[in-house]
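Right after this note come the structures.
Across the two complexes that follow, chain A remains constant while its partner is chain B and subsequently chain C.
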Partner chain A sequence: MSTTSKWLGSVDGDARKRMLLGIGSFLLPLLVWCLVSYVPFVWHPKVHVIDPGGVDYFQVDMLVDKTMFADEVANMEREHLAVPTGKSANPIYLPAPDQVARAFYNGFVNPPQSKDVPSMPASLWHSIQIIFWGFLISSIVGVPLGILSGTYTLMGRLSEPFIEFFRYLPAPAFGALAVAILGIYDGPKIAIIVIGTLFQQVLIIANTTRKLEVTLIEAARTLGTRNIKLLSKVVVPGILPDLYRDQRILLGWAWTYLIVAELIGTSSGITWFITQQARYQHFDNVYAAIMTIGIIGFGTDLILARLGRRLFPWDRTQDRR
Partner chain B sequence: MNVKHLGSTLKSLFIRLVIPAAAALSISAHAAQPLKIGYSDWPGWVAWQVAIDKGWFKEAGVAVDFEWFDYSASMDAFAAGKIDAVTMTNGDALVTGAAGGKSVMIMLTDYSNGNDMIVAKPGIKSLKDLKGKKVAVEEGLVEHLLLLNGLKKAGMKESDVTLVNAKTNEMPQVLASGDVAAVGAWQPIAGQAMKAVPGSRPVYTSANEPGLIYDVLAVSPASAKQNKAEWAKVVKVWDRVVHYINDPKTQPDAVKIMAARVGVTPQVYLPLLKGTHLLSLADGKKIYVKGPGFASLHGSSKVADDFNVANGVYKAHQDIDSYLDSSFTNAK
Partner chain C sequence: MNPNNLPSYLDQSEAVKARFDRINQRETILEVRDLGKRYRSLQGEVEALRGIDFSVRRREFVCVIGPSGCGKSTLIRILAGLESHTSGDVLLDGKPVTGPGQDRGMVFQGYSLFPWLTVKKNVMFGPQMNGRAKDEAERDALLWLDLVGLTQFADAYPHQLSGGMRQRVAIARALVNQPRILLMDEPFGALDAQTRSKMQSHLIDIWKNIDVTVLFITHDLDEAIYLADRILVLKAHPGEVQEVIEVPVPRPRSPGQFNTPEFRATKARLEELIHPEREPEPEDEQAVKPHLIRFTDVHDNVE
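Our next item is the complex of A and B:
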């Protein structure tokens, strides 16, 4: 018997150990990030100029390639001029963890200076509303359609080929049309989330519905259950735990469309924050905003998973996250 | 979660979102609405923020609604008829118009005075050195036009260099890759390219050909006609903005407002402002005079029109006169 399997076995039963591993799964990437950021001989392909010395085109705070810096040091030594000094640095596109943490803190504590500029929390709240409405509208259409397509072959054959086709069409390409129809504010953004989510939703839910044991439906039909009753008493209760899990995954899917959706119409939400900060190369702020999206998405999913265990205690797959 | 609570949350969300959205939709049907203007991140347009923050539109008795966009999204919204006016370059006004989003340029905000540039890697000192080398520009956009203009002045042809099509936003990385000898970009991207490749320098900029790229306030023809008096007030407010920004006494305050709008410090913003030559109404009057060459908005637009047709941006030449309305700038 290998010790590994024993160890894994005990982990499975031990909630605390599982939690520790969960935390570890976050700490490991963070550790890698710290290594790359703080240990000077790991990566650091650039040199941050502290004193330009005699090099005419160097400036304080400029980032230059290591080889170029070394060349200039050699040049200056040869010409007996002041030698430039600097310290190893990463490209501007990879800020260190502490910079991002500070940007994160600043984003939440310090309001922007212009009153027309929304703060980071306000931007975030705006984005959450876009996701909420987009996902709600998509679900209102997608869930019933998916269940019907999965239950009735006729319905499935009529709807699914087109949906299969349409799901490959890039949602953002409909941006200009959405603006023309729905205006410049939240309407077109919500529409892009819906277009991005709906078609996958129908197919996934139809598939989930098909996985329901045929014998169950046949038995119900033999006993005379038809139409609405078949759906409400047999199909929906049968797939509900799986449906719930599908929706959890699809909600994450909706989030991935947020960034493209919010580029349409007036600049708003967390995307406004990210693109504006990136334009002026404030990548610490960009990463802080990206992290916030991750935290909110992951946090929501954790809550929904816990809720799932509460709602469907008989379904053991809800435990697996 | 408590179901009742969920219900009330939904309700409040409904009140917050759907009702305003519906209201916004119904509003567009009414008359006497605020003029809706789309603006974006370019110093000559961020300048409007000074008037917004200072309440000068209210003082002038005109209701305006400035909406902040990404530049291309602002032109899309204008073409879709969702806003009454948009800030853009004279060349882009023609492009948008050729695609159905016809506009009239009622006033000039500025011309690019160095903010658009061709940045070459170290060792290349002039456009002539680019002969036979690769140059990255976003084809069909202003930097492409700038490059052609520079080559012509240097006695060269477009075929003397190899054009590489790339996104303007990515030019810093493109230049740093070493695959091209030069890139075309505007600020702040051009500045980042020079930072990314120390020793690189601009070999040609919009300061070498003032008037190659004019920036304008372009209004939908219908709104320019129906709200003539309102737009006249907006144009007057612009004059006040230019004087406030150009006056050394008030300039720091203006730069502070503009920098805050785009989220940088005033020190970072000042050089960007310097690469833009703001145009007062008096300046604008001279540029509205019809004539050949870049000193005239008409002449500059003609060059842009030829460029657009030659590069297949659109097929048929645009009637430039129909895009220009000097009556607002010349009033007073």
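Our next item is the complex of A and C:
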């Protein structure tokens, strides 16, 4: 491998090697998690009580601090009472990988145990819909506005200073206002996603549009292209691959606003699932839900990246990652 | 006779003289009268072009040459209608130029092909923009691709072509609109020497066979003499016409003529005009003083 490819990542590259490294980048953190969970002398600050012995406030399955447990063992020995037994354990908020995997499996395969606890697929589906509508509304406004601002200086100078200001206003700050205007259900949630995405979207797309090679526009003009056709036949197709990439990044952005958005009004979707499960201390479910969001986000992006290579065969930057 | 035993660049053989007489009888395609261009920059008002006067006759090949900063690119961009001028007139077939139009084709120095379109669709772009039907445009495009020898690359994307091939497509794309004049802004500047000379011969072949007038900008003296009927020599600050040289090298031209007395005489004259004395270096160049340190063994000499 040459030095340049080491720095820039060779375009063709060794596909197998890249695949292995990709898998490795997921295995490494998993390995750390396994170490902390399964090797008893790594961390494990708590003791899981198996037999309370003579300690009156100990119960089976209780988690107590290691030092407290040691004190009680010493106490019992001094008083010649039954010594409590237990095995070292991690705090409740760090379930082991197998517990989370089981929760993940149960969340999707087995129906929920009770009616008032939401099921994971149903919550997730609700969240996906929120993201979809939020991102769609944002794009319907943001993409054309961004392209126009990037193409026409006048338009850009008129719109961008205000947008530049507005994007610093934190989207969640509009929560109460959104509820007052749009009610307590899905309206304000979609609004927060739109507010969080739209302003960045306009600026990013305007910038992308400005980066289009001026020579292309000039060439088109000397070939007799004018006005709206310059926009539809040159600017839009010229920036399309970059626009597509921007949209992928912005979609990720929209996901990061999801949790805050869903806490507004009546909490719903995956956020409600997570907060409910956390309340019952079902942290395995909490982790499973958080990971599902990651898997969905990352998965969508992978699919979109692949689709991008299909859609824009002329754009060679699409396949460099 | 000058010391190098070269004839004067003004001496023309009978054949060359007769050819210029024929050219001068043709109608004027492009007329530039007292053209001036001023613009405001951070350093104050800059006069890019002043009092440019020249005309180009039908099927003439005119090269524009000059030192960097002489405004030759500004001139061709004004002719193309991509920039405005502040004084004087540009007349194409007697009508003033107000903006870009399909009567003037342009080939740029950089690769200006649309990367999202195949070679064929790049060439079809002009006709389609001017309201021609798709099948008609396609027929024309294939004809012109054949003329530049790229029929087999019709469905390739520009990024799959070499630099020379891309400029061939750019020429086909400009010519398919059947412009009155083809404006070329250092079109071969980015090509390697071999491809460049191939493209020069190819351009002459195209020009011989098609009713098109060419205005060609270059900074390469050999290229200008090899291609042109007349060379417009500009000087810098402000850009003004220094001399219009009628090239005494007879046609048909071939690379073998680079060493003929006429060619060398013309080149000597151009060199005289373009590098009269060493110009003082710009200030930012003066500030760069390389400070060389020996990084190799003292005995390890390469010279």
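Just so it is clear, the second predicted complex is superposed on the first by the 291 of 321 C-alpha atoms of A that agree within 3 Å, B and C clash if a C-alpha of one lies under 4 Å from a C-alpha of the other, contacts with A are read in each partner's own complex, and residues count from 1 in each chain.
Heads up, the rule we're going with is that a contact is a pair of C-beta atoms (placed from the backbone, for glycine too) under 8 Å apart; a residue touches a chain by one contact, two chains touch by 3 or more.
A quick note: this is a predicted structure, and the numbers were derived from the prediction, not measured.
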{"item": "More chain A residues in contact - chain B or chain C", "value": "B"}
{"item": "Contacts of A:Q281 with chain B and chain C, given as first, second, both or neither", "value": "first"}
{"item": "First (chain B), second (chain C), both or neither touched by A:V39", "value": "neither"}
{"item": "Partner chain in contact with A:L223 - chain B first, chain C second, else both or neither", "value": "second"}
{"item": "Chain B versus chain C as contact partner of A:I50, first or second or both or neither", "value": "neither"}
{"item": "Which superposed partner A:D315 touches (first chain B, second chain C, both, neither)", "value": "second"}
{"item": "Chain B versus chain C as contact partner of A:G175, first or second or both or neither", "value": "first"}
{"item": "First, second, both or neither for A:V234, with chain B first and chain C second", "value": "second"}
{"item": "Chain A contact footprint on chain C (complex, rising order)", "value": "80-82, 99-102, 104-106, 108, 110-117, 125-126, 129-130, 157-159, 170, 173-174, 177, 183"}
{"item": "Chain A partner contacts - residues on chain B that touch it in the complex", "value": "1, 13, 16-17, 21, 24-25, 28, 38, 41, 49, 52-53, 66-70, 73, 76-77, 79-83, 122, 169, 188-189, 192, 195-196, 198-199, 256-257, 260-264, 268"}
{"item": "Parts of chain A lying in touch with chain C, wherever the complex brings them together", "value": "213, 215-216, 218-225, 229, 233-234, 237-238, 240, 312-316"}
{"item": "Contact set on chain A toward chain B in their complex", "value": "57-58, 62-64, 68, 112-117, 129, 132-133, 175-176, 179-180, 183-187, 263-267, 272, 275-277, 279-282, 307"}
